[in-house]
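Some structures are shown below for you to check.
Here come two complexes built around chain A, the first alongside chain B, the second alongside chain C.
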Partner chain A sequence: MKSLAQFIRGTVQRNWRRVLLGALSLVVFFGAWQTYSWYLNANDIGYKAYFPYPGEVAEAFLDSFVTPDFSGLLMTDHIMASLKRIFLGFTLAFAIALPAGLLIGSYLTAEAVGMPIVEIFRPIPPLAWIPIVLIVLGHLSGPVVIVFLGIFFPVLFNVILGVKRVDPLLLDAAKTLGAKRNHIFFKVILPFTTPYLMTGIKVGLGIGWMCIVAAEMVGQYGGGVGYYIWARTAESNYDYVFAGIAMIAILGILTTGVASQVERRLYRWMGMK
Partner chain B sequence: MDGDEVNIQMEGLLKVFRKDDREIVALKDFNLQVDDGELVCLLGPSGCGKTTVLRIVAGLEPKSGGRVSVSGEEVSGAGPNRGVVFQEFALFPWRTVRKNIEFGLEVKGIPPCEKEAVSSRYIDLVNLEGFENVHPQQLSGGMKQRVGIARALANDPAVLLMDEPFGALDAQTRNLMQKELLRIWSATEKTILFVTHSVDEAVFLADRIVVMTARPGKVKEIIPIPIPRPRDRTSPEFISVRGEVLSVLETEFEKTMAQELSGD
Partner chain C sequence: MEKMTSIIAVVVAAAIVLAGTALYVLYDLGDDDGDGNTVYYVVEPPSSMKGTLAAGQIDGYIAWEPFVSDSVVGGVGTVLKWSGEIVPNHPCCVVAVHDPFISDDEGQELAARFLKAHMNATDWINAAMENKASPEYNLLKEIAVDFTMRNESVVEEALDHMTFHYATDDDFTVALENFTEMYLDLGVIGEEKIADGGYENVTDFVDQYVNGSYLEIAQFVEPVDTILNPDSPIRLGFLSGDLHQLAQAVAKSSEVLGNGKSIFENYGLNVDDAIGAPFANGGAVMDAFAGGYVDIGYLGSPPAILKHLNAEVDTTILAQVNIEGSAIVVKTGSGIDNLNGLVGKVVATPGESSIQFLLLKIVLQQEGLSLKIRT
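And now, the complex of A and B:
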C-alpha cells in the first residue's frame, strides 16, 4: 500500500498539468450534473425523480452500505455476490483458455481441430446465452458461465497470438542448449506469451463486468450489483439505482487497476519493463 | 587435448532448399574437417551458405545429403554438445544474466548449488561480475554477446559454433570482443567454427580460413594463417595475408553480384 501511495505521489508530481486538468474535468462534470438536476427541480419538470442530485446519489450510496434493502442485503453482500461470480468465471476462463491457447498456438493439429469450434462460438455475444444458461444452470452458476464466456475469448485469442509470435531464434537457442519439447513449452513459449496473456486478461475483465451486470439483472436472485440496480429500479428509488451504477464503475476500475498492478509487477520481475 | 584429432567432420554435404517449386542448391559437395581445439573461420559472400553449414552442424537445419559428425557422433538434431552463439544474441529477455547462462544446466537437471558454481565460473570468464542479476535489456550489445558466449560454454560443449557473433556490434566493440574471444578460446581450448563475412575479422581470429564459393556453396580454398598471436592488424604480415584472402574472395563476390543481377 505504501508503494501505491508513493506511486500516486510520484505520478502527481510528474504530471501535475494532467492531474489538474483531470480534476477540472471532474468538477465540470459534477457541476453540470448538479445544475441540470437543479434545473429540472426548479422548473418542476415531470421526470425530475429520474435524475437525482449528485449529493443524493452519494447519500444513497453510503446508505446502501448500512441499511439493508427489501431483500435484507447490504451493498457489501451484493458486491461479494458479484465478485464471487467474476472470480469463478475468471478462474474457469483462465484455467481453460491458457492451456487451450498454448495448444492451439503451438500445434497445427490442435489448431485444425480447435479453431472451427472456437470460430462458431466467437461471434455470439455472451449476453445471447443469458436466458437459456440461467434456466439450465440456475442463478449462481448461470452468471458465472456468462462471465466465463466473456473472459474466455479475449484470453484465448491473445494467448494464441502470443504463441504465434514467439521469436524462432529463441526456440533455436533453447534447442541448441539441450531443451526438449516440454522445456521449450514451459521455459520459452509460456514466458514469451505472458504479456499477451495479461492483455487478454485486462480486456476480458472489462467484458466480464458487462456480462455480470446483465446476467444478474435477468437472474434477479441471490444478490449482485446488477440485481441491486434492477430491484431498485423496480422500487423507483432512482438515487439508489445511480448508486448501484456508480458501484459498478468503481468495481470495474478497481479490478482493471489490480490487473494493471499485477501486470506491472510481473513485467518488472521478468525484466521486461 | 592433442590438437590433431578431427572434431567436426563434413563429407559431401548437400543442401537443397525448395522455394515455389524451384530447387535452390545451397551447398554441394561441401567437405571440411575441423581439428580439436582449432579455430576455423568460414568466409564467403552473402548467400553462399556459410550460415547454412553452421546450422546443419548445430542440428537446426536438416541436410539433404552427405555426412556430418561432431566428436565422432553423427549429427541428428540440435543438442547440447554443440554450443551456438547467434548474431542477434538470442538471449531470453525474461531471464537475468545468471539465469540465461544457467538455462542449459537447468534443462539437464543439474542441482542448484552446482548450477550456481558453474554459472559463476562462466560469469567470471566473460567478465560479467556484478551483472549477474541484470536482465539482457539493460546490457550493451557487447555485454549481451558475452552472455551469449557464456551461456553456450556453460554446457561444456565439444564445439562452439558462432554465426557472425559480432556482426551486430559497432567497430570498436567488435575489435574488443575479438580479443576477448581469443582469450576465452585459449582458456577453454574449445573447437570453434566461426562464420563471418569480414576478412579482417577472419584474419585476426583464425587458424585457418575456409573461403566458400558463391552458390552453390563449396570450399573454394583453405588458407592457413601462420601469423603468431597476438596479431597486429597494422603489421605488414597481417596486411599481406589480408590482401591474399581478399583477392581469393573477390572473384566470388563478383559471381554473387552476377547471380543477383540475373535475378537468380
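And now, the complex of A and C:
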C-alpha cells in the first residue's frame, strides 16, 4: 500500500503546474489581504478594524471551536444547525423536484399543468419570502423552506432539460428492440437525465448556502453559521465575522465535494464511466 | 404507462415520508420545558415581531416603540413590563458625532449649534406632550405619523410611554458603565479592548466617551439669519421610523417654528440625511461613521459602545435622545401575567447586542430566571 507521502509526491509530480499555480494564486490572495489590512492600519483609516489581518481571522476561527460565544454555542453547534437546514431543505427539494421534473419533461399534460405555476414562482428570489415564511412557518421550518426554494428550481429545471434532451434515436432503438415503457424509463431516460440532475444538485447546493445565511439572519432556532456572522457583526468582532464567512466557504466546498463524489460513484455504478 | 405512474407515485410518497421523518428526527419538535427556570429567546427584527406574535410563532418579545404600541393598539399584544420598571431612567438612544468632524473650530461650532437644535426640538416635544389639546400636540402627532408610517392611535399610545431627555446626567453614565461591564462579563467586549482604546477602566472609558461640554456650550447658542454651512451640509444618520428619534424629525420640520424655517435652519445649519439614512439599526449608523458617510448620528447606546470599543470607530456621545420607552410584550389572552409565566416560552429580541436584550436578561436575573437561546 502506498504511503500518504508517496501519494502526495506522486500527485504533485503529475500535476506540478496546477499545484504551483494554485499555490501561487492563494499566496497572492492572502498577500493582497495582508497588505490591505496593513495599509488600513498604517494610514489609520476609520474602518481598519473591519478588515482584520488573515492571522487574526485564523486565530478567531480556531477559537470559535473552543470558546462558546454570547449565546453559549460553539462553532460546531452552528455548523450542525446550518447543516441540518441544508440537509432538510435539500431532501425536500430533491424529493419533490426529481419526480416533478421527470413528469413535466415526459408528459405534455404534466407540462401544461405544471409549467405556469413553476414559471410564476421561479423568478422570485427565495429571500423575498423570508418575512412571510417566518410568520407562517416559524423559526424552525421557515429557514428550511427558504433553502428548499433555493435548491428546488435548479434541480427541477435541470431534470426537465435532461428528459427533453434524451436522444430520440436512443428511444427509437430501445423501442425497436422491444423495450417496454418502464424499461425505456429506467434504462434510457433516467440514466440520460442523471448528469443533468447532478448539475442541478450542485448548482442548487450553492444557492442553498447563499439562502441559508440570509434566512438565519432574519430568524431561526439554535443559531447557524449565517446567524453567527450576523451576531458577531452586531458585536463588531470582525475577526470572528470573517471566521464565520470562511466557515461558510468551507461548508460550501465540502457539500459540493460530497455531491461530486456521489456523482462519480453513481456514474460508475450505472456503468456510464 | 400505469406502471410508471404508480412507480412515480410511490417514489414521491416515499420521498415525502423520508423528508418528514428527517424533519422529525433532526428537530426536537416537542415543547421544551427545560429545567423549570429557563426562558428561551430567538432573534428577529422588531418589524416582524407583531406578525410572529399574532401567528403564535413566539410567546412574547421585547422591543422599542412604536413596535410595542403597534401590537397593543392592534389587540395582538399586552405589555408585561415597561423597561422603566426594569431599570428606571435607563438610557436608550444618543446623539453621537464622528470625531474627525469636531477636529476643527468650525466643526465644533456646528456641533454645538446642532445640539442647540436638538435641545430645542426636545423641549418643544415635551411642551407639546404636556398639553394634548394644543395645536402643537397635533403637529407633533403629524410629524410622528410621517416619520414612523404608523397610524395616529399607535403614535399616541407610544408617545404616552416615552420620555425625551437630552442631558448626560449621572443616571446616564452609571447605566452606560453597567452595560459596558455586562458586555465585558459576557465576553462580547474583550478585556483588552478597554486598554487598547487608551482607557484606564470602564469608568474612565465612559467619562471620556461621553462629552457633555457641547450641551453646556449649546445653551448660549443664539439663532442666526444666515446658513453657516450652505455648501457642506451636516450629514445626519438616524434609524428608520424609530419613534425615539423624533427630535431630529421635529428639528427638520419647517412647520414647528411657524416662520417657515426649520429648527436646524433657525440655528444656521444646513442638515441633510446621510447617504443610506434612514438606517436599519444603530450598528449601521456606526458603520457609516467608520466609512465617513455620517457626521452626526442618532442611534442606540449599545452599538455606540460596542462599535467604538470593538471596531475602533472614532465617535463621541454628545447627548441623550430619550430614556426608557421599550417593553416586554406577551400575546393578548395568553394568560401570562408575570415573568415566571415566560418559563419554557420563546421571547423574541432584536439581537444580543441590543439594549432590549440586556434589559430582558437583567429582569429575568432579578427573578432568578435564566435566558437561553432556543435550540
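Just so it is clear, the second predicted complex is superposed on the first by the 253 of 273 C-alpha atoms of A that agree within 3 Å, B and C clash if a C-alpha of one lies under 4 Å from a C-alpha of the other, contacts with A are read in each partner's own complex, and residues count from 1 in each chain.
Here is the rule we go by: a contact is a pair of C-beta atoms (placed from the backbone, for glycine too) under 8 Å apart; a residue touches a chain by one contact, two chains touch by 3 or more.
Since the structure is predicted, the reported quantities are computational estimates derived from the model, not experimental observations.
Novice: By the touch definition at the top of the document, which applies to A:183: first (chain B), second (chain C), both, or neither?
Specialist: first
Novice: With the two structures laid over each other on chain A, which partner does A:95 touch: chain B (first), chain C (second), both, or neither?
Specialist: Touch status of A:95: second partner only.
Novice: With the two complexes superposed on chain A, say which partner A:53 touches: chain B (first), chain C (second), both, or neither.
Specialist: Neither chain B nor chain C is touched by A:53.
Novice: On the A-aligned overlay, A:71 touches which partner chain: chain B = first, chain C = second, or both, or neither?
Specialist: Touch status of A:71: second partner only.
Novice: Touching A:236 in the superposition: chain B (first), chain C (second), both, neither?
Specialist: So A:236 only meets chain C here.
Novice: In the superposed arrangement, does chain B or chain C reach more residues of chain A?
Specialist: C
Novice: Touching A:129 in the superposition: chain B (first), chain C (second), both, neither?
Specialist: neither
Novice: Using the touch rule from the top, collect the residues of chain B that touch chain A in their complex.
Specialist: Checking each residue of chain B against chain A gives 58-60, 77-80, 82-84, 86, 88, 90-96, 103-104, 106-108, 134-138, 151-152, 155.
Novice: Give the list of chain A residues in touch with chain B in this complex.
Specialist: Those in contact with chain B are residues 167, 169-170, 172-180, 183, 187-188, 191-192, 194, 270-272.
Novice: Going by the contact rule at the top, pick out the chain C residues touching chain A in the complex.
Specialist: 1, 3-4, 7-8, 11-12, 15-16, 18-19, 22-23, 26-27, 29, 42-45, 48, 51-52, 54-55, 57-58, 100, 186-190, 281, 283, 286-287, 289-292, 303, 306-307, 310-314, 346, 348, 351-354, 372-375
Novice: Which residues, counting only chain A, touch chain C once they are in their complex?
Specialist: 46-50, 67, 69-73, 77, 81, 84, 87-88, 91-92, 94-96, 98-99, 102-103, 131, 134-136, 138-141, 144, 181-182, 185, 218-223, 227, 230-231, 233-238
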